[in-house]
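I've put the structures underneath this note.
Look at the two complexes coming up: subunit A is in both, with subunit B in one and subunit C in the other.
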Partner chain A sequence: MDIKISGLTHRYKAGTPFERLALHDVSLSISSGTFLAVIGHTGSGKSTLIQHLNGLLKPSEGTITVGDLTIAAGGKKKQLKALRKRVGIVFQYPEHQLFDETVEKDVMFGPMNFGQSEEAARAAAHEMIKLVGLPVEVLQKSPFDLSGGQMRRVAIAGVLAMEPDVLILDEPTAGLDPRGRKEIMDLFRTLHDQRNMTTILVTHSMEDAAYYADRILVMEKGSTYLEGAPAEIFAKREELQAVGLDVPETVQFLLRWQEKTGKPVQMSSFTIEDTAKAISADFGKGGFTC
Partner chain B sequence: MKELITVNNVSFQYPSEENLTLADLSLSVYKGEWLAIVGHNGSGKSTLAKLLNGLLLPTSGEVKVENYTTANEKELWEIRRRVGIVFQNPDNQFVGTSVRDDVAFGLENFGVPRDEMIERIETSIARVNMQGFIESEPHHLSGGQKQRVAIAGIIAQKPSIIILDEATSMLDPMGRKEVIDTVKQLNEEEGITVISITHDLEEAVRADRVIVMKQGAILTTGSPREVFQNEALLLDAGLDLPFSLKLGLALRDYGVSLKEQHLTQEELVDALWTLKSAD
Partner chain C sequence: MLDNVIIGQYIPGTSVLHKMDPRAKLLGIFVFIFVVFLANNWLTYGILGVFAVAAILLSQVSLRYMYKGLKPIFFIVIFTFILHILMTKQGEVVYDLGWLKIYNGGVKQGVFISLRLVYLVLVTSLLTLTTTPIDITDGLEYLLAPFKRVKLPVHEFALMMSISLRFIPTLLQETEKIMKAQMARGAEFTAGPVKERIKAFVPLLVPLFISSFKRAEDLALAMEARGYRGGEGRTRLRVLHWGFRDTGALLLLLILAAVLIVLRTHG
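After this line comes the complex of A and B, so read on.
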């Protein structure tokens, strides 16, 4: 589902002495099927931007178009519900929003709220719980008896059960251990590819942005700062450092190596595998042992 | 080295859980050290942190902080003044209506005189690089900014031990570095002991000592060099390898074999350069 943001401005507490400009004249097109990573300094406007995409915040100026729905400043509430059905958000620490007696009821809540039958919602709950890598036995447990990592997966299943066309992930791996983090991110990438979704990932991890996204948006002080493919964005280390960000660790390493050898390194992707391959090219054919 | 915290045969069970979250765990924390505790989600790391300042009490066993014991309710205030915890989620620890008030709250609780309070607030806010936000309200701050304020609140109380419970997990790369550098400075210059519960292996690599937890018990402890050499053990604990170790292994697959593993990017680049120069 194509998304178009035109001249979006957002003021918190407009018209009061506490007014603060959180977004300023942001324009952006995200074509259907894109996996976009949004990165930026804390307070750069990332969270404010994504909250507009499912109508949690309304624009002070400008428009947001998702598919054939347009939300404008002063628009009607009715449109917001339609928007929320299309755009699912997994918030930071989504496990804090779990509330129901059992995992099954919790996951079923979303789809039933949007008018699905109990049967369909139950089927969705079963499918999604397996999809996020949990055994079906947890469906009958209280979500509060699960570990933090499991609760996170349940919350993600609840969003997926609404079958959104656009999935927004607001730092979805915060607090997870390295393995859980990789599993969850791999899950999102797989879902993205299989379900033909448009995915928007807000992250503070340059590594996740580099490995998983097709496009990267860098926000700074409520405006778009850079936008492009990962290879373009991560070729601009100085610009990134100027706004509190950096390049992923693989690029950091290649830059260090390049400094030693004085020769540019050819890299094809940001994976550790490709980094090792690029460096091994400096060691002649057949390799070395020392 | 002086022992600051002693955990003796502690077991802990949450009332709603069938199994022990911590099982017969013993450990010592020494003055001035930077101790990293790593482990999978649910391994008991955060429960351990809460036991160390008496937010939770052991089901059996004993936790002592500088000869005070958490089992004695009268000694809890002494312990909590000495052990400050910065938690994972900043929203659960922000109590003030502005950054200044939030940092002031803890000091008021401990009866710090006003003049000293004002000075401590400003110094600690500057230390986490939040000077420009001293009058800001919490809901205008992002998660990362709130976390820096929480750290300022702890620093202001001049504790002897700071526990970071995943405290940097929400910060951007530079923000994370700023916070770690700040705590490192407190550790080195003022001798404050740091216990960092973290999933950030790059941070753990720089600790003095690492404890790996698995399913409520200590799997191993040692210097980062000792602990991170053991790939099989780390994977068994549900963890990953630090970046430089992973890259070292990948290089081996491409025929570039180094004699030993290297913990940091600097070390690995140097070792590769030595290897190439010997060619």
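After this line comes the complex of A and C, so read on.
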């Protein structure tokens, strides 16, 4: 589902002494099927931006178009429900949204709000719980008896069960252990590929942005700063450092390597394996001199 | 969503009201509450109105902001007004619908009581708007100190109050966050029949309760870890200063009270 944002400006608490300009004239298009990572220093407006995409925040100026639905400043409320069905958001610390007696009911909450039958919602709950890597037995447990990591997975299942076309993830892995992080991020990438979704990931991890995303958006002080493919973005180290960011560790390593050996290395991909390959290629050429 | 709530909100500033000693402000409010009840005719209500507006102007809090913050209580004000119009049967009939007669005494009562409410809310919200929660608590604890003699837990009371005031904005933030998360899952808080709407609040209230209890536990633990043992023998980091303007403000209030006593309708 294509997303188009034009001239989006957002002011929090407009008309009070606490007014704050959080987004300023942001224009952006995200074509259907893209996995976009949004990075930026804390307070740069990432969360504000993504909350506009399903109408949780209304633009002070500008428009947002998702598929054939348009949200404009001062627009009507009518379309919001349709929009929210299409666009699912996993918020930071999503386990805070759990409330129902059992995990099953909690996961069914979203689908049933959007008019699915009880059976369909239950089926979705079973499918999603397995998908996020939990045993089906947890479905009958209280969500509050689970561990933090399990609660996180339940909450994610609750959003996935709505089967959104666009999935927005606001730092979905904050506070998880390394293995849990990787499992969940891999899950998002797999889902993205299998279901033809459009995925938007807000993250502070350059490594995740580099590894999982097709495109990267860099936000700074409420405006878009850079936008492009990971290879393009991470070729601009100075620009990133100027706004408090940096390149992924694999790239840092290769840059160091290049500096020490004095020979350029191939820097197109960001996995550990690719980095190892790049170096061993260097070895192969007999370039090891230090 | 909840941007307009001004209860417990502090707006930093340098106005005269900001600089006043919290004890003077608390005493002032206390006196003002009595003064409001002195008014009983157009003139005295008018004088109180001038006084309230003057206080807002002095505080340098924007009138628009005050107005927006008071919107939620307009409902109560209007309700009171209508109730008085319907229930009071004094004076001449100004409007006759057969089954319903409206008396001018009722209209007058309605206006007066509504004004009284507005004045009280305006002036008391000025207190929190211009005083940090910590100052309010310090002031209260100081003013209530005499009651310690009779074993009233004044310090604990002040502490409880400062904690509540401190956490109002946090709670609002949390509410907004959970509301958003549930709305993203298709929950609606503002539409539908009343019964549905009440049910819709469960997904909001349960997480709020859980996080509040958790926060309370964390806070208790943090206080204990830092050796908090209650009020006995604690010294203060910040000392309150009573100045001329504080005495002046209280005198002004007493003068206002005297004027109202003279001008109010007797008998």
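Going forward, the second predicted complex is superposed on the first by the 283 of 290 C-alpha atoms of A that agree within 3 Å, B and C clash if a C-alpha of one lies under 4 Å from a C-alpha of the other, contacts with A are read in each partner's own complex, and residues count from 1 in each chain.
As a convention for this text, a residue touches a chain if its C-beta (ideal position, glycine included) is under 8 Å from a C-beta of that chain, and two chains touch if they have at least 3 such contacts.
What you are looking at is a predicted structure, and each value in this text was computed from that prediction instead of being measured.
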item	value
Partner chain in contact with A:L56 - subunit B first, subunit C second, else both or neither	second
Partner chain(s) touched by A:G110 [first = subunit B, second = subunit C, both, neither]	second
Greater residue coverage of subunit A in the superposed arrangement, subunit B or subunit C	B
Which superposed partner A:R84 touches (first subunit B, second subunit C, both, neither)	second
Subunit B versus subunit C as contact partner of A:F144, first or second or both or neither	both
First (subunit B), second (subunit C), both or neither touched by A:G15	second
Subunit A residues contacted in one complex by subunit B, in the other by subunit C	12, 96, 144
Interfacial residue positions of subunit A with respect to subunit C in the complex	12-13, 15-17, 51, 54, 56, 81, 84-85, 88-89, 91, 94, 96-100, 109-110, 113-114, 144, 158-159, 162
Interfacial residue positions of subunit C with respect to subunit A in the complex	3-4, 11, 61-62, 64-65, 68, 177-178, 180-188, 202-204, 206-207, 210-211
Subunit A residues touching subunit B - in the complex, by the definition given at the top	12, 18, 20, 39-44, 47, 92-93, 96, 144-145, 147-150, 171, 174-182, 204, 206, 241, 244-246, 249-250, 252-253, 256-257, 260-261, 272-273, 275-277, 279-280, 282-284, 286-290
Contacting residues of subunit B [partner subunit A, same complex]	16-17, 39-42, 88-89, 137, 140-145, 166, 169-176, 199, 201-202, 238-240, 243-244, 246-247, 250-251, 253-259, 265-266, 268-269, 272-273, 275-276, 278-279
